[in-house]
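Here come two complexes built around chain A, the first alongside chain B, the second alongside chain C.
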Partner chain A sequence: MKRSFLFEWIVFIAAIMAVPFIFKYVISYPLEPALRAGFFVMLAVSLTLVVGLAGQISLGHGAFFGIGAYTAAILATKLGLPAFLTIPLGTIAGVITGFLIGYPVLKLKSYYLALATLVVAIAVYEFFKAADALTGGEMGLYNLPNIRAGNFELYSPFSHYYVVWIFALLVIFLCDHFSKSPVGKKLKALHSDEEAAECVGIDVFWTKVKVFVLSSTIAAFAGALFAHCSYGTIYPGEFNVNLSIKIITMVVVGGMYSIYGAAAGAIVISLLPEVIRRLGDFFHMDLTQITHINDIVFGIILIVFMIFSPKGILGKKEEKSASGKRSFLPFWGTGSS
Partner chain B sequence: MLQVRGVSCRFGGLVALDNISLEVKRGELVGLMGPNGAGKTTLFNIINNLVSPTTGGVWFEEEEITGLPPHEITRRGLVRTFQNVRVFEHLNVLENVEVAVPENNKTGFLQNIFAFSKIRLSGRFIKDKASECLKMVGLASFSLRSSSSLTFGQQRLLGIARALACKPKILLLDEPSAGLNREETLALSRVIEKIHQKKIAIFIIEHDIEMLMSLVQRIIVLDKGRKIMEGTPDEIKGEEKVLKAYFGRKRGCPI
Partner chain C sequence: MIFDIVVHGLEWASIYTIVAIGFSLIFSASRIINLAQGEFVMLGGLIGFSLYSIHLPLFIIPLISAGAVALVGVAVERMAIYPARKASPTSLIIITIAVSMILRSTAALVWGPYTFRIPGFSTFSFFSLPADYFLIIVVCIASISTIGLFLKKTRLGRSIRACSMDATGARIVGVSPERMRMFSFFISAGLGGMIGVLIAPVFYASSDIGLNLGIKGFCAAVLGGMGSIPGAIAGGIIIGLSEAVGASVASSYKDIIAPLLMLFVLYIKPRGLIGGRD
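Moving on, here comes the complex of A and B:
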């Protein structure tokens, strides 16, 4: 039982580590999409804690990514703090805002909750655009320093890739452990039936708030890291509502009930624009056409998966794995046996 | 141990409960009867504060619990089940019971992410407690099954196992035998007796007076939100008021 889990993880880690070399020497492809995928994995996995595990709708997850990024960037440009300080501080911004936003918002249910989180995403984005003096307005912030460790400075996509993916793998592993822990089960219980969960002694509201804060913290961490791995600039357009919708699409496509599913969804969806672009080039389309096709494809994917396959692409495997078995695709699909 | 004092419950113009006062003493087995719509489940909802009373209050172990959040009331030892069970469908049978074990609430959030060995230890402890409860209701062999794959009667027992995991001092059972056949009802009665032997007080809503006859020491009867009678099963059985409430004016109907 444990051995196959270990084996699968080793294969996965090896594959992730090998990617930059494959991209460079075998297929000669820019590494940026693979780097972005690492950020998206952290975002999708953290969102699935709230959406898949706890069953709460959050359409504003991108906001925390932005909050982490801007906090780190502002501290770096205005106070000259180095990356190893701005990143923890950006993460802490995620803790605080996660609580400030989560506490009121989680008193709401279903449609109202969805709307409230969407409003948060929009509000935060507008704030980034508007607060010129602080956030550099529409143009954003630039001259963001690279991550420094002693004499080493991480400036190439290659080095960024490894830093980001080491953390992404860590996030996957820890969130998976979390989802199988006693608290993870409490979350699944309240997902199933909030009132009944309350009646077996689970403090439903606080548990929801705590998982929301956990997920916003991870997203903010990813954002703070992003600020230092993004060619030295960030601008509001990267943190608009589309980002939040993209993340939710990843969660839905990959499998709402599975941490690994979310990671798979993140990889697939973040690489999708690349595939579309190559196809666009192949058919000699121009950039605006390709962008529109991007949007259409995303919308369709989200709708189709929501209607026909809410358990996502890894959902089918869920049906086959019996509860208690730990494998690389360990869904908590205990709903079937 | 459990006292309901002067509880009324009004939903707009509808009076669901009208000045109800009753008591369940430590270790007692008390039945609650009444036709549908009498307010029995509403009374349970008020005791456990899923619904707030319009007037009156609830006392448990000499302390007022009116207005406390339901999870807090459960943690104090007052545990209720639901008529339609409400199993956690995202969890298997064993996990359904595990989440109810009180120790579950003591591991800190962060520890659940990082502390691997501590979680494994507490996980084992919780699993053992949960298995005990499943054994007590006879569902031990179904531990790893999905909770929705159980039959209705088995889900009922799961609901009771889950309630037991909460370490109750008093157990409020809401129509546990509804929808069960004769065999299942007998099995259920045996489980209830076992629980009672553990000095856990039981307050049980039931229609099946045969079942109640053999189990309870005292029965309270509600009708249209009012308490119309209280007594031993024998006293209740032939009482005209009770017959009238259930069957209308006809006399001489065997229950």
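Moving on, here comes the complex of A and C:
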């Protein structure tokens, strides 16, 4: 008997809408972390489709974010296209590269797939750094325009926040719907047992490719949006391997099989640096030190989570009905054995 | 001009080969892909610098550094790998990535964001290149031979090879794969630490060199075949020379060569050119 969680949705949406006002008027805190959280939600949720639903490890999801961002930025700076064109075009870049990368990569098995996606992320990052005529090299691109619609121009974090989060909520809704659709069921099937899935007529390879392309498209869309919401500049350092690892951490922390879990994981992990920064300020550390402490904490969190779900990402997904277990926190799947 | 390219190429080739051997050794003994290998090199360089700044004689620093980093390697194995020993290979890869992040950030906290230099081990110059370049190449050749002999002739070496062929079979004849895993981390980390000190006069020591070296060395290992020492050598040479050539042709694209080569190999022949064991 599934209830519709409508009440939870309304509360959640109301909370999201209220956040900028709370940040500004009640606690007087910069809005940027909450804005970043919106992007991360889109990234983590789209990665969960590939990792949690289909069971394919992608350690290079950040690359698609970068591809979307750079495509939009290059179109904006070199061709002078406005945001409402660059964003769809950046998204299309995500579709194309998702297919070009996914098709060969998804033929590999288990850890070769993880390694290949990792190396793709590295190669893409190095490309952003190297091709300076196109991408501005290590300095990146700047003078990126804001999103304009008629007379309205979105230039403040406040307005960016709403645009990003409206899309983030749409993405959550879409991916949840997707995971319950017939394709989603095929993915769950092939996650459990690829050969059995083939036997019942599921085209395993193409289904994997489809979900990979869907997830890369969402990530590229988020990237293209990001290019216009990040103070007019992007640079390669934002799209390095650390980003992909962060996204995986969010998926892992949120309970790998759950869309909502990934969203929760994204929010928690992207707000964590803020908490650490407050603590760092308290101990009078400077900003670079705090960044390093951040990374250490991330590393430890990741290791701890990997150790305590020993079958890890590649473990077979437990059938909920067979185990009979359901965690009482609705956001956490029963991922670990 | 060509001479420069060849020497630089062999230079990098030696470094990448040693890192690749570090990868292959651990993979050999335990099927683990240790993406923190580059950080062992980084630590070697930084520890070497610290030892230098307390005025230890230059010829002893590589040994102590290597030893210290070897202990770090064992610590990593005990704290991050052993608890996750039943996890899937992919989880272990992610764990080693996390370890590399932790090592890198800890080093940055301890030593700061600075780049350090140790003066060269000798002041001679051959053909207008500092002698340190050649020292690296020579030491690498010596290390490779030593490791080759170690694996073939000593009991420990043969035990590690046994584990790489068949872990269960090795267990049956009394070899403990868990012990071998720990040893392989010890040796690989020590190797990395040693090379880190040696490259410090030429390529400097700082907390962010590990990432680049780790990636390139990893690409070399995969190119030649994970778990295969000849493969690591071949991979190192190919990547080292390609980068040297690439640097003289289009220098900003040099860093993309290694990942592209590795992707190429993963699609065409995932076991590597010389075919490591899987």
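For the reader, a short list of remarks on this structure follows.
The working rule: the second predicted complex is superposed on the first by the 304 of 337 C-alpha atoms of A that agree within 3 Å, B and C clash if a C-alpha of one lies under 4 Å from a C-alpha of the other, contacts with A are read in each partner's own complex, and residues count from 1 in each chain.
One rule holds in what follows: a residue touches a chain if its C-beta (ideal position, glycine included) is under 8 Å from a C-beta of that chain, and two chains touch if they have at least 3 such contacts.
Please read all numbers here as calculations on a predicted model, not as lab measurements.
Touch criterion met: A:114 reaches chain C, while chain B stays clear of it.
Touching more residues of chain A than its counterpart among chain B and chain C is C. In the superposed model, A:289 makes contact with chain C only, not with chain B. Once the two complexes are overlaid on the shared chain, A:197 sits against chain B while remaining clear of chain C. By the touch criterion stated above, A:210 is placed in contact with chain B alone, chain C being left untouched.
Touch criterion met: A:188 reaches chain B, while chain C stays clear of it. Residue overlap on chain A between its contacts with chain B in one complex and with chain C in the other: absent. Put simply, chain A touches chain B in their complex at residues 174-175, 177-178, 181-186, 188-189, 191-193, 195-204, 210, 214, 257, 322-324, 332, 334-337.
Looking at the complex, you find that chain B touches chain A at residues 48, 50, 69-71, 74-75, 79-80, 82, 86-92, 95-96, 98-100, 102, 104-105, 107, 109, 112-114, 116, 119, 122-123, 126, 144-146, 148-149, 162-163, 165-166. Interface residues of chain A, counted against chain C in their complex, comprise 57, 59, 104, 108, 110-112, 114-116, 118-120, 122-123, 126-127, 129-132, 137, 241-242, 245, 248, 252, 288-289, 291-296, 298-300, 302-303, 306-307, 310-315.
Residue ranges of chain C in contact with chain A, taken from their complex: 33, 80, 83-84, 86-95, 97-99, 101-102, 104-106, 108-109, 113, 211, 215, 219, 222, 252-256, 259-260, 262-263, 266-267, 270.
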